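In what comes next, subunit A is part of two complexes: it sits with subunit B in the first one and with subunit C in the second one.
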Partner chain A sequence: MDYYRIAFYLFGALTVLAAVVVVWSRNLIHAGMGLLLTLFGVAGLYALAAADFLAVVQILVYVGGIVILLLFGIMLTQRIAGRAPRTGVVNRTVGALIATGLFVLFVMVIFSARFAELPWIAQGRMIDRESAPPVGSTVERLGQLLVGPYLLLFEVAALVLTVALIGAAYLARRSRQEGARPRRMIS
Partner chain B sequence: MVPAGGYLLVSALLFSLGVMGVLLRRSAIVMFMCVEMMLNAVNLSLVAFSRLLGDPTGQVLVFFVMCVAAAEVSVGLALVIALFRNRESIDVDQIRLLRG
Partner chain C sequence: MWLDTLALMPVLLLVVAGLLIIVLDSLDNDSPVLPWVALLGLLGALVLELNRLGGGGRFLFEGLLRVGGFSAYVNAVLLLGGIATVIFCRAYLPRIWHAHGEVYALVLFALVGMMVMAASYDLVLTFLGLETMSVALYVLTGLAREDVRANEAAMKYFLLGAFATGFVLYGLAFLYGTTGTTRLDLLPTRIPNTPLFWVGVGLLLVGFLFKIAAVPFHMWAPDAYQGAPTPIAGFMATASKAAAMSALLLLLGHGLGLVRPQWADVLAVVAALSMIVGNGAALMQGEVKRLLAYSGIAHVGYALVGIASASASGYAGALFYLLAYASAALGAFGVAALWEQRPDRQLPAEDLSGLGRRHPLLGALWVLFLLSLVGFPPLAGFMAKYAVFAAAVQAGKIWLVLIGVITSMISAYYYLRLCVLIWRPVEAHPLPSSGQLASGVLLLTSALLLWLGLWPSGVLELVGRFFEDSGLVLR
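Moving on to the complex of A and B:
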């Protein structure tokens, strides 16, 4: 068993187990920590699939940014003092049935498609370490793609992020007339 | 060696767990976490196919998905905080103003 395969199984198991913690943990903080481990495992899988730049971006943006933001969200919206931030589970049977059905469907598609043998995948078994040519850093190639054919998308993504952050700041802002605001606006 | 199926299986498991979380959990923040998990599952299969094809275009797509996910989380959390300020709760079962 080579190290590549061992690392793949380790990161895959880490990802899935942490995802199970996110779904099942009653404690919101535990769910946040599970999400952190899930995203970290996915970053490891990116690195194993020769996407080094994306692995770094995943850790920077998701683990360093989004999880922290979510933890802040938990702290701002729960009464921390006195009790642990807990939340319940609903629709147990129906939800589990739908998700399991979806998973079975995915597995059937994956095993019936035989992706490695499809004609449109010319280099069918690139992921196999033995047959795949060694790939260098993807940073240079990605940079050329982003400022070349995908320049417009790149700029639109920047615009989307700016607008979203302005909108978020506007939404989360405290209103001026704090006292005059009706306390129970929604029933 | 790890065939493409390995990556796709992890991706499928992650996506199904995300769907299960969105359906099962009542806290808006945990639902956000599960949406992030689903986005990550899709990203993972994009990266796997990018490797399979030897074409980095799939990674560019992952890059844009990450941008949209970051925007989605920031707006979503702002909504959750605004909601909490009005309702003192982020339990989605209690938000039923529009229920007929």
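Moving on to the complex of A and C:
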């Protein structure tokens, strides 16, 4: 077994097991830590797929930024820190049936897909064998694509973030003279 | 690239107007100027879109999206919805103490996302448009932050919507993994013979059907509409459905146009379920916005009949249906917004009694909107239903037409009940909010309904020209 495979299965196992912790843990801090590990495992998978820039961004933005913010949010909000989520589990049987069914379906179709025989992947493999250019850093190429052919996508993504920012600011700000009833301040 | 950007002027106008609103809002809080800025941007964009309605479509940004023709038509419908929404918001929001400037910016940004969806020939761009629209709508739904019902509505819509987004992304990954492209114009030649591809298509369908609130992915709609401010509910019921429906049409009609038999029956079943469940549940509703939500679910079913016919005339019928439904539903939600007066923002059906006696013109318009939703002959709703049913008969889906006709007759019961209710001899309260602009919009949409019903050939011909006989969106 080569090192690549070992690394792949290690990161894969890390991602899945940590995700299980996220879903099953009744303690929000544990769930947050699980999320951290899951996203780290995904970053590892990105790196193994030769998407080095994506892996770094995944660690910087998700692991380093968003999950840390999430954990701080949980810890600074004293009301929810040590408490289990109050929502119960409903529709246990139906949910389990649908989830299992989808899982089996996905596993079956993914294993039956035979990616190596798909036309576009077969073509890519042929080109690689002939010339095999060394894969360097992907940053430069990504940058060129983002301000070149995919400029519009880049701009629309910026708009999504702007909308999210405006929306979050609106929902989180202190109320002015709004609403039919005066709002009580949350201490 | 520069010329391509210029061709995106309608979208850019809305973005600039939205950003301007945010800046002006920070200088002068909730200034009364803001809706006018929004209207100016919307009208400018509408003029530009109507201007290129007749011409054929033109690809921009190396085939990433396409303006004119199909997208110009859908965008015109969306902008009509946007204009009506801004005007109703201006009349309605001050009364519930939520006349925030951000509302207008968010409506404009949501429209940008929708217009991108209607023009996009790349599923990644479609997804980004979908997210722009959805994020703005989540916030707009929860506008009344102090109201538990609004919180519940926004939370439900957000959680389920995020879940649907996951489905779209997962489907997109499968699609790209099996074909190596996300471009709709490249897809027809690359459809592989593997079940993974079709599971991907199925996941994408789930996401889109959720956004248009088709059965069985409709659960969120009644709660979300009930908790949202009424004009915003009208916006969600018309514009967001039109946008997602046109994106669905581009995906199925263009990207998967060559393998129609594979998806046509699935859509036919969804259409049938939507018509049955939507109309059936609407029979039992006592709250007007909930009722209109279920009626909207049923109308999505009727429009889907056109897409399920999988023919050029079916697609054209679906496009015509979107305009006819949008005009009638915008009017109905508009009247509901103007008449609603309870502090908890609910409008039980009994509250409508006496409306017609107090304000005969408003009552007459309300009747007109509802009759068009029923599909009563001289109105747009009738021609729209006729167009999609005729296409379904041609496609050999007689059973679907039978279900459509029977559910239409059932729907007449609850629509007519609302029509009769308003003429009861009851002393009604005066109109809580009004405005010449709002009345103008109501008159305009009713005129549109009459025009589309009496002289439909112009618009029907126009939408027919977007599709080649093969069904692919090519012109």
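Going forward, the second predicted complex is superposed on the first by the 144 of 187 C-alpha atoms of A that agree within 3 Å, B and C clash if a C-alpha of one lies under 4 Å from a C-alpha of the other, contacts with A are read in each partner's own complex, and residues count from 1 in each chain.
As a working rule, a contact is a pair of C-beta atoms (placed from the backbone, for glycine too) under 8 Å apart; a residue touches a chain by one contact, two chains touch by 3 or more.
In this text the structure is predicted, and so the values were computed from the model without any measurement.
Residue by residue along subunit A, subunit B and subunit C are tallied for touches, and B comes out ahead.
Of the two partner chains placed by the overlay, only subunit B lies in contact with A:Val61; subunit C stays clear of it.
When both complexes are overlaid on chain A, the residue A:Gly167 reaches subunit B and subunit C alike.
By the touch criterion defined above, A:Leu69 lies against subunit B but remains apart from subunit C after alignment on the C-alpha atoms of chain A.
When the two structures are aligned on the shared chain, A:Val89 is found in touch with subunit B, with no touch to subunit C. By the touch criterion defined above, A:Leu35 lies against subunit B but remains apart from subunit C after alignment on the C-alpha atoms of chain A.
Contact with subunit C, but none with subunit B, is seen for A:Ser112 once the two complexes are overlaid on the shared chain.
Once the two complexes are laid over each other on the shared chain, residue contacts for A:Leu159 go to subunit C alone; subunit B is not touched. Overlap of the subunit B and subunit C interfaces on subunit A: residues 106, 110, 115, 121, 153, 157, 160, 163-164, 167, 170-171.
Those residues of subunit A that touch subunit B in the complex are listed here as 2, 4-5, 8, 12, 15-16, 19-20, 22-23, 28, 31-32, 35, 38-39, 42, 45-46, 48-51, 53-54, 57-58, 61-62, 65-66, 69-70, 72-74, 76-77, 87-92, 94-96, 98-100, 102-103, 106-107, 110-111, 115-116, 121-130, 132, 135, 138, 141-142, 145-146, 150, 153, 157, 160-161, 163-165, 167-172, 174, 184-187. Partner subunit C is touched in their complex by these residues of subunit A: 105-106, 108-110, 112-115, 118-121, 149, 151-153, 156-157, 159-160, 162-164, 166-167, 170-171, 175-181, 183.
Within the complex formed with subunit A, the subunit B residues making contact are 1-10, 12-21, 23-27, 29-30, 32-34, 36-37, 40, 43-44, 47-54, 56-57, 59-60, 62-64, 66-75, 77-82, 84-87, 90-91, 93, 95-97.
On the subunit C side of its complex with subunit A, the touching residues are 1, 15, 22, 29, 61-62, 64-65, 96-98, 100, 102, 105-106, 109-110, 112-113, 116, 122, 124-125, 128-129, 131-132, 135-136, 138-139, 142, 144-147, 177-181, 190, 192, 194-196, 199, 343.
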